[in-house]
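Letters A, B, C and D mark the chains in the order given here, with residues in each chain numbered from 1 onward.
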Amino acid sequence: MFILINLKTYVCDPIEIAKAANSVSSELGVRIAVAPQSIHLKEVVETGVETWAQHMDRGGEKIRTGTITSTGLSEIGVTGSLLNHSEHRLLLAEIDENVQEASKMKLETVVCANNPIQIAAVTSLNSTFVAVEPPELIGSGISVSKAAPDVVRDAVDSARRINPKIPVLCGAGISTGEDVSTAKELGAEGVLLASSVAKAKDPQKSIEELLSDI
Amino acid sequence: MFILINLKTYVCDPIEIAKAANSVSSELGVRIAVAPQSIHLKEVVETGVETWAQHMDRGGEKIRTGTITSTGLSEIGVTGSLLNHSEHRLLLAEIDENVQEASKMKLETVVCANNPIQIAAVTSLNSTFVAVEPPELIGSGISVSKAAPDVVRDAVDSARRINPKIPVLCGAGISTGEDVSTAKELGAEGVLLASSVAKAKDPQKSIEELLSDI
Amino acid sequence: MFILINLKTYVCDPIEIAKAANSVSSELGVRIAVAPQSIHLKEVVETGVETWAQHMDRGGEKIRTGTITSTGLSEIGVTGSLLNHSEHRLLLAEIDENVQEASKMKLETVVCANNPIQIAAVTSLNSTFVAVEPPELIGSGISVSKAAPDVVRDAVDSARRINPKIPVLCGAGISTGEDVSTAKELGAEGVLLASSVAKAKDPQKSIEELLSDI
Amino acid sequence: MFILINLKTYVCDPIEIAKAANSVSSELGVRIAVAPQSIHLKEVVETGVETWAQHMDRGGEKIRTGTITSTGLSEIGVTGSLLNHSEHRLLLAEIDENVQEASKMKLETVVCANNPIQIAAVTSLNSTFVAVEPPELIGSGISVSKAAPDVVRDAVDSARRINPKIPVLCGAGISTGEDVSTAKELGAEGVLLASSVAKAKDPQKSIEELLSDI
């Protein structure tokens, strides 16, 4: 299972969370990554934890202002980027270009989508992972693996039919070890989660809890 | 072959073109549709020609200002709508929602895309047609079927692998009968074209010319 | 007072409303305009009523797909266009360009804004009118002239300080004659309204009601 | 004069430039700030140079993914943010909200605009500075102060008429000491520049050159 912790714009201590994630990852041998705000990426990389960007913009050859480029992410040692998160939707053509740009810079990508049909669509774009997150459950505290098991199962089926080599993650409301183990049973090879760690009083405990059932 | 004439924002006489298209369509038994600006949709429908919208917005339950809804298009007798034209790109989630809304209102859809990879992606969204148009050839006068036959062939292959029931159109620079017949040989079941008819002195002649080789 | 009836995407009979507005306007000598969906603009123009677009896109020299141009609106006899409605926000640079394009085509413009500060900003762009509409009151049934008289008064003051020749309209929740007369007392030279006419069983009565107190 | 060096997405060494800017600023007693990519903000702050963001997103109460918030910028010691740069245009309503959010967090703001009319508009929004940059000159190597002195002069006049307390910067093609001194003579109280420093072999020399004539 791949555990990707998206810190969103939560007010939290990204370094504390990064260190906790890194230590649990080493201890349990589970792949755990942290996606902080862009202003914290470099210092999170320096903790040694696998670090992801929450978003990446199209660069191409064009010079721009106020955007996050694959070149910049690659230079500072980031592993990959979320793309098309439900809180940062992209044009289809942008997702395609971003995945290709990331791939040239040896960055991994997780392309998010709302439902199994969109998962089928994005699986054709050859990202490293795809992730299904029903928007109505994001931030709800209700776990997708419990509340919408069919969405996860159908997303896994959709992606497999298009390209069985691209693993499916799921997200929305994931906070317990049971949520993670259920996601695994449904065919997901990882989870996206945010508030349950970012808002936790004891981030390390909250991460250990996520892994308690697998 | 399905011939879809997109009048874009060209200054032209949409009624004259609609009548010409309707007459050539009846005479030769070829499916021809005209996509005028939204302000001309109703009068183009009234000529009897098959009429398409150039774009449709998300409606859902929400009341909005200045948008084109599936309900509105359906009420005035439009057959379908282009979506995600390279001059009007949409979010992936919007394309999905728009295709579903159109389908509920019995409207057909052509989802456009830049290249074979994006064609694979949009074919998963279950529109009536998909259309490949390399943006660099749009409005260039250089025909996609001559300049980029591999793009058309690969788009047809991509779409077939995902869903063989969804026909592929191609567009960009189509202006002669040979362009259309080459497109057909490459596996396209129709073409999108614009300037060669919209800017023609004699639209009827230009439409007949397109059909001279099939 | 200028009464601008925005039909938004409401399912209603734009022709019936246009005729009612035209007849009340003639009878009472009050300027009343109707802004239907773009697909109905031409037939609304043909009723003789003053007709406005709900939105207009940038055209410039560039050919586009699925957009509404000043050239198109001008050709079919539309008087003007709303711009930057709270349900169709625009980039600042777009508002500037659109106002200028409209002006070249002899189209009037109403630039909408959320609050008195934004009203001051848009008044510098030289549109025909500016309109203040607090987004939280739009569609609420609670009249801006009653619930937020200070917003209207401050918007009028803001605009006057920048350019006293540009009249200020107000909108959101306007449905009664008292709402309109209060708006007038607060310094507004017109009102924007939508649901109270678009959803009325008897549109003519609802329009007469609006004018009952001025 | 306020010298704001926007590093855009140029591949350059932000720390070297920050140190050079800081040293020239101290030596000559001129206010100089550096605006690196968001991923470099924190380490640029740590050099001691005045540090600006190239862009800031709306935050409000809402949690988002992949955006740059005023809270985040404030926490790491950034002084302010560019808003509405011609390579990152914003909705009018966003500029208003962003300026207000920044102000609550004690962040300064430079709101950019294309021309004197838009400068008048944005001056009403109460940012710390406004900046006029004709888009056609950005990255051109042709200085706005030489090629378009009227644009600078009219922008200064426009802003003064609205609010004489808001200083006007100018930008586009600024690279020499003469460009800066001419800008000053035209009434600008600072300059925005990018490539002449970001692409310089010797950044310190390029910054000293900018200040050689004032």
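Brief remarks on what is shown
Please note the rule applied: contacts are C-beta pairs under 8 Å (C-beta built on N, C-alpha and C of every residue); 3 or more make two chains touch, one makes a residue touch a chain.
Just so we're clear, the structure is a prediction, and the values are computed from it rather than from any experiment.
Following the contact convention of this document, no chain is adjacent to both subunit B and subunit C.
Residue numbering at the subunit A/subunit B interface overlaps substantially, since over half of the positions present are found in both copies.
Measuring from the averaged C-alpha position of subunit A to that of subunit B gives a distance of 36 Å.
Rounded to a whole number, the gap between the C-alpha centres of subunit A and subunit D is 34 angstrom.
Chain centres here are Cα averages; for subunit A and subunit C they lie 44 Å apart. Shown for subunit C are the residues in touch with two or more other chains, namely 86. Taken together, the touching pairs link the chains into one ring where each has two partners. On the subunit B side of its complex with subunit C, the touching residues are 6, 8-11, 37-43, 53-55, 59, 63-69, 71-73, 76, 82, 85-88, 139, 194-195. Across the complex, subunit B meets subunit A through its residues 84, 86, 89-93, 95-96, 113-115, 117-118, 120-126, 158, 162.
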